[in-house]
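Below, subunit A partners subunit B and then partners subunit C, in two separate complexes.
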Partner chain A sequence: MSNIAAQRIQREFNEVIKSDEAQKFSIKLEMDGSDFRHINGEIAGPPDTPYESGNFKLEIKIPDTYPFNPPKVKFLTKIWHPNVSSVTGAICLDILKDQWAAAMTLRVVLLSLQALLAAAEPDDPQDAVVANQYKENRALFTSTARYWTTVHAGGKQLNPDFDKKIHTLLDLGVEKHQALVALSACDWNLDRALEQIFS
Partner chain B sequence: MATNEPLNPARPVESESPGGAEPGPSKKPDKDSKDDKGGNEKKDDQEKSSGSFECNICLDTAKDAVVSVCGHLFCWPCLHQWLELRPNNKTCPVCKAAISRDKVIPLYGRGADSSSDPRNKAPPRPAGQRTEPEPQHSFMNGFGFGGDGAGGAGGNFQFHFGIGAFPFGFFTLMNNGLNLGNNAQMPPGQSEDDVFLSRVFMGMAIFFVLWLIFI
Partner chain C sequence: MKVKIKKWTGVGTWSYKVDYDNCGICRQPFHGCCPYCKWPGETCPVVWGQCTHCFHIHCMAKWLKAQEPREQCPLCRQKWRYA
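Moving on to the complex of A and B:
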């Protein structure tokens, strides 16, 4: 059974490498050493989204029962998205769960994740805080997601206002990522973020 | 994407070398433009044709191939494993159409040796559904039906008679006709008349057949 998995992963690698998307540096796969069960993926943030110009690293674990069961995928790069946990990077996507089909490939998975970045599903959230912000205050969600992209994924859009608030917390001895998470979750309200951190 | 560099050059070369038929790295086209054009096309064709017979699950050339009603090709062991895994939600791995053991059609290529598949732990793939053709009516039966339909009330007697008459001898037939036919109106013993009658009927029958054919 794992024989099929090994052979398939090899073929899927070739498929991804030959694909148009890889030529355009939009998706990428790397094997972790010679172990086909651990693969690192990377997707580019889709244009016209807050994730534009960011590159998001993914951890892909291939089960022995692949392709009859879906690969286990999570974001290694921190991302602010309703369907991705801002803490663990766990992804809520149907094709990685019950809607998986054996004919799907890693390329399909990567492209689906890219599509998920472009079209979030706030009604089926992985991260309730993010999903809530997405629904209640879309503009703030967008700038927060963009800021996370800049901080974690190499995005180029700066936000001096958010920088200032982060630095305020840093000066109080708060760790940087903790400050970012608290501020993001509290709609960038300094007082509430402080309350959350020190309560 | 600086990290892309180490990945791209290394993988394709490594992966393409085992498959001899696949097009080589990009150096080839420089040699001779005319010949190479043809060569590349050929290789593309080869790749395409082998690609169209790949199992959608293991991505290898399909062994013990079956095709779903929705037209997707699989190895039977692969598909069987997929169906076993989700007995309550049997869908095509490609298009998610409903699929089941009974609804896949095995493909029998020529010279295939199904016992050579080492992975073949699955039960033998389902047999093809083979519907026997409708039993062929004998010529005269066909005629008889035609007569019933077309000839109306008057035709009935003659055609029943004709059915019996043709394949066997006249006399046997005569008896059959007389004993079995609903319309046996002639008393036995009038053999000359009978022969004459049967000839008449046969003539009419032939005429009727021709009429049916040419109409």
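Moving on to the complex of A and C:
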């Protein structure tokens, strides 16, 4: 790895550790062993959003050409959001692509991702199914996103109705995450979810 | 008492007149040099854009090359023009 990337990451680590956001446990960075190229990040779901009280893990890969090219970031924690793939965790965010600037830092990236959770861009989707639900049925999108936060990110809001539908599918031998994905994509309509799984 | 100066050596110091201490690209201080250089000073100068932001010349050159064909300031994203 080039000198500049390693030196900068070291400084950025110190910057994040000392930041107000880190003190409040709102963002976190951890190195994967001693390798500067692999970093684990974590952001707290912003308050007053369906992601509230959840903690979302991120995989951050630093290219050798950093900071002239952006870090590669994806969600490791499964999340229901129009700009994040519910399958792969890939993120659609301009500053991680063509709007990256060399003066940006990992702290800026983590805060921008938190802002993205608070304000989705459904017209520039990474997951078309989620984006469609966001636009067509906002209330259902919100409860689905909240449910995913509880199931995958340690959120605290329960939803007995969704639990029941998941269990109906589990009883039919469907795997848990597959059941969650199918029901979420089919607006929690059991018949449609069954059709999608068994067709 | 009369003192007769036989020999003297002048010492000068200089620093860049910058608004902030570190280069926004490499995060190293301007009174040092960029990570590619060994010595600060003439061989690793600071450059200013018309947007008033400044960087090590070598860092800026690398950024402009990485960003081709666009040329924007890494801080404010205005079109980069050397001041």
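In this section, the second predicted complex is superposed on the first by the 198 of 199 C-alpha atoms of A that agree within 3 Å, B and C clash if a C-alpha of one lies under 4 Å from a C-alpha of the other, contacts with A are read in each partner's own complex, and residues count from 1 in each chain.
As a convention for this text, a residue touches a chain if its C-beta (ideal position, glycine included) is under 8 Å from a C-beta of that chain, and two chains touch if they have at least 3 such contacts.
Since the model is a prediction, treat every value here as computed from it, not as a measurement.
When the two complexes are overlaid on subunit A, subunit B and subunit C occupy overlapping space and clash.
In the superposition on chain A, A:101 makes contact with both subunit B and subunit C. Once the two complexes are laid over each other on the shared chain, residue contacts for A:67 go to subunit B and to subunit C alike.
By the touch criterion stated above, A:4 is placed in contact with subunit B and with subunit C alike.
Of the two partner chains placed around the shared chain by superposition, subunit B is the only one that A:18 touches, whereas subunit C remains out of contact.
Which of subunit B and subunit C touches more residues of subunit A: that partner is B. When the two complexes are superposed on chain A, the residues of subunit A that touch both subunit B and subunit C are 3-4, 7-8, 11-12, 65, 67-69, 101-104. Those residues of subunit A whose C-beta lies close enough to touch subunit B in the complex are 1, 3-4, 7-8, 10-14, 17-18, 22, 25, 28-30, 42, 44, 55, 65, 67-69, 98, 101-104.
The residues of subunit B lying in touch with subunit A in their complex are 1, 3-4, 7-8, 11-12, 15-16, 56-60, 72, 78, 81-82, 85, 89, 91-94, 96, 119. Across the interface of their complex, subunit C is touched by residues 2-4, 7-8, 11-12, 65, 67-69, 99, 101-104 of subunit A. Residues 24-28, 34-36, 59, 62-63, 65-67, 72-75, 77 of subunit C touch subunit A in their complex.
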